[in-house]
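Encoded as structure tokens, the structure appears first; notes follow it.
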Amino acid sequence: MPPADATTDKPAVKSGLAAFEEFHALPISEKIALLSRGRELYHCLFAEQFDRPLLDRLGRLCDHLRVLTKTKEGDDFVATVLSHRRAMLYFSQPSTRTFLSFQNACHILGMKTCEIRDPRTSSEMKGESFEDSIRTFASYTDIIIIRHFENNFAEHAARVLHGTPRVVPIVNAGAGTFQHPTQALLDVYTMNRCLEGGIEGTTLMLVGDLKRGRTVRSLALMMRHYRDVRILLVSPPEFRMRPDILDALRAAGVFYEETSDFAGALSEADTVYMTRVQDEHDAAGESRAVNVAGFVLRPEHLRRIKPKAIILHPLPRRGEIDPAVDLDPRAAYWRQERNGLWTRAALIAMIFGAEKALLARIT
Amino acid sequence: MPPADATTDKPAVKSGLAAFEEFHALPISEKIALLSRGRELYHCLFAEQFDRPLLDRLGRLCDHLRVLTKTKEGDDFVATVLSHRRAMLYFSQPSTRTFLSFQNACHILGMKTCEIRDPRTSSEMKGESFEDSIRTFASYTDIIIIRHFENNFAEHAARVLHGTPRVVPIVNAGAGTFQHPTQALLDVYTMNRCLEGGIEGTTLMLVGDLKRGRTVRSLALMMRHYRDVRILLVSPPEFRMRPDILDALRAAGVFYEETSDFAGALSEADTVYMTRVQDEHDAAGESRAVNVAGFVLRPEHLRRIKPKAIILHPLPRRGEIDPAVDLDPRAAYWRQERNGLWTRAALIAMIFGAEKALLARIT
Amino acid sequence: MPPADATTDKPAVKSGLAAFEEFHALPISEKIALLSRGRELYHCLFAEQFDRPLLDRLGRLCDHLRVLTKTKEGDDFVATVLSHRRAMLYFSQPSTRTFLSFQNACHILGMKTCEIRDPRTSSEMKGESFEDSIRTFASYTDIIIIRHFENNFAEHAARVLHGTPRVVPIVNAGAGTFQHPTQALLDVYTMNRCLEGGIEGTTLMLVGDLKRGRTVRSLALMMRHYRDVRILLVSPPEFRMRPDILDALRAAGVFYEETSDFAGALSEADTVYMTRVQDEHDAAGESRAVNVAGFVLRPEHLRRIKPKAIILHPLPRRGEIDPAVDLDPRAAYWRQERNGLWTRAALIAMIFGAEKALLARIT
């Protein structure tokens, strides 16, 4: 077949859903290569994009940003680096924390932001295709940060732009029940910072709705880059981790164990990672039938936990951690939350190639 | 009657609707003079405000802004020019594109923005008059950008402020079925940029719901400033251009022709300007009874269109242009959309008298 | 009892509502001391926090900001002072004016802002406790500005943060039917600026729904710092000022008089302060049964008012002031509204210790 001529009736590139489904079916390593645009980091879509050197560099940049922003001079300097960039925050799924931390991360870097949080104020969009909306965001801004209830929305957005003359980076800020890579980045950063000696050789206990918790899925994948990590998967039978992640752990030689024995696992863990039931993904309230009473962290559990362990939670919490636990020095979820600010700032800085300029500034 | 004393019971100035209706009934040239405040451009309300020299200057400023913002240094310079100005975006009608392009245009110029997009978050306003709301916006900001479903809302807002000590410029970002002058500005800019030799002597084909499409109405009026333009008005009988615009074209000696023959007109056009059905203005779904199937641009039409013609659309589109057409090099609607950013930035810069400062900066 | 160890099961600090209720029951002077963090002004929660020296300093800073921002150079300077600070605007009650004036005040000071105005876009919060939401805002930003329909929400937020390692200032931007201290600050500033010789020795007439108008409650309390002020409380019997404020006035030796005679009081007042019916606090539309027809300011009243008096209104108005009154030079409510911008900017600058840096800049 001769190369298709754009002025004929048969376009060379499949448009719309068909083209995406073909792309989506590729192995993830091929997708990453296709989407990388010859850089180390362009779109941020999957936990799988981050290898150990990249995670280490992100951590260093985070540390540097924290120190720089301790003074007004440092803060004002950081805000010059990307002052010429504008971000679009497209959050079609309700969000407080991820939205605010991305927006403030942009502001720390001096970027301007615009947002669509409420579909009704842009109902003009209802009549237009997803592809057209994404191209429109790319017309006006330099990066698009997306949260969506569909698993493949961000990936699809990146694919759409690659067929156009104006490509901007897409950041996945939470995709359905699939992945939440930036949450995993901040979790990794927090573990490395708070665990003596870092992640290697430690035991990570993941608790709760492991089936639909996109956060724990992304985090488990990242554990493959750290030696001798053990993962304890603690959930009611209905909320067990799905096989795709278990397969990936097994293939990477990561030890994991599935159990419903919450209290028993507690004493083995270096990181106790609690999560809530993801009932927003229920089809018909089926979560209510699951007994999660045995997966709640209460003050009486604290004596079981190792003295140097840390307790994490991606937040928001509902009943999974009794607020009285907050007073325990091992409770690190509020520091973890604040780390989201630095991690996301570091990530965006890296996407725009500003890592060097930031590190060059002596604090 | 002696001049009324403000402390007596009979105010000199009619307040509210009565005063506005008297003003509104004036010929447009008188209204423009009254609202101009002795400047070339203050409020931006009507397509009629723009003569050829002003359009040419706007185009030059657009070009200059595009070049300046290609580098970080240029971008940072542009953001200093209006860093002391704050804009209010009051969009009571759903909008994605116009809202985002105005907001990002402000950000390019270093302006701060605030917004009301969702009437419910400001329902405090429900109890207050339109006049009081506009005065409030003027109290806090330096320019008010308005989209509203009422035809005369922006004009009314300008009139209200002229009776007060604090007047700020009003920009009409889309008014009912009446006008959308900034869309016409970006359309003119795109045509001048993409058509070899510019607009003069070309044929503009306007397709779709010409009756209620405020965009095509404003654009048609601007064609009066370009010599030897022919306009082909292509629509179903129900959606024909209203007589006010036809009268204005006739008075200015612009050739136009009304037809329903979409395919026939295509081969004559230099600019094929497609639009969607404006069914948000339906009283009772009457648009559904109109057969628009014959006014859709499909790949099979492309061979009919001149090789150097351009295809435009104000977007969002629904079915009017098959996405496969996007791949044709004559499809210019995405470039047109992005031009909205520069055109609106140039317009605001001109309103605030920043044209000179921007042009003085050598790129 | 030995000091509680945070790693035991019994936390030393009561968490949640119980702890707050204990705190809330303290006398206001003790609360202010506990919340002050050793500074003159940290949280801004109650009208009672402002003594005469502080009010005078705020007024001076306001005046200085007004002058500084008359030029681009001054404006650009002011925007450097807090360029490293980020504000959270949490407005769970509909608001236009207070929201916009706080946001623009932040922008004047060079601060970045983020906002939650629509609870639905953050419905993730529904499942989480109030305490957790506040801590989250504090994680990402440097000050939290709150409007809420609950009387004690802002105070509660401040109390929550004091039990955590990251405390940021809380500003009460309107709390239920209780207080609205920043409105009172701008009212005081406006009175001092517009009344010849300032507030001392003048008569303040408060008109309308004095029972639930948080604005007039806060303003009345501030009058205690000015010598020889007389307060005329003019309302229908159903809307009389509540006893807590009357007690506070009596204890401070402020003369007040309650009356329903609107026309009679007008001729005695130096400041005529009109307010609307606060029917958003109705349980079942009970406001409709109250006859407020006699508490409306109309052009025919103007001849009764002293020639150098001023007319104020916190806005929005509904029917309380006929728009024809706007033309009277004594109508100062639009200037009052705009003063909100400067007052809030001055307040925030003072909270962040930027008063000196601003005053040091010669205009």
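Every chain is named by a letter (A, B and C) in the order it is written, and numbering of its residues begins at 1.
Everything that follows uses one rule, which is that a contact is a pair of C-beta atoms (placed from the backbone, for glycine too) under 8 Å apart; a residue touches a chain by one contact, two chains touch by 3 or more.
Just so we're clear, the structure is a prediction, and the values are computed from it rather than from any experiment.
Colleague: For chain A superposed on chain C via Cα atoms, how large is the rotation, as a multiple of 5°?
Modeller: 120
Colleague: Looking at chain A with chain B, do both copies bring the same residues to the contact (over half shared) or different ones?
Modeller: different
Colleague: Measuring centre to centre with CA averages, how many angstrom lie between chain A and chain B?
Modeller: From the centre of chain A to the centre of chain B is 40 Å.
Colleague: Any chance you could list the residues of chain B touching two or more other chains?
Modeller: 118, in rising order.
Colleague: For the complex, which residues does chain C have touching chain B?
Modeller: Chain C residues touching chain B: 69, 72, 75-76, 79, 91, 94-97, 99-101, 103-104, 107-108, 117-118, 276, 299-300, 302-303, 315-318, 323-324, 326-330, 334, 337-338, 340-341.
Colleague: Could you please specify the touching residues of chain C with respect to chain A in the complex?
Modeller: 6-13, 15-16, 80, 83-84, 86, 88, 112, 114, 116, 118, 120-125, 127-129, 131-133, 135-137, 139-141, 164-166
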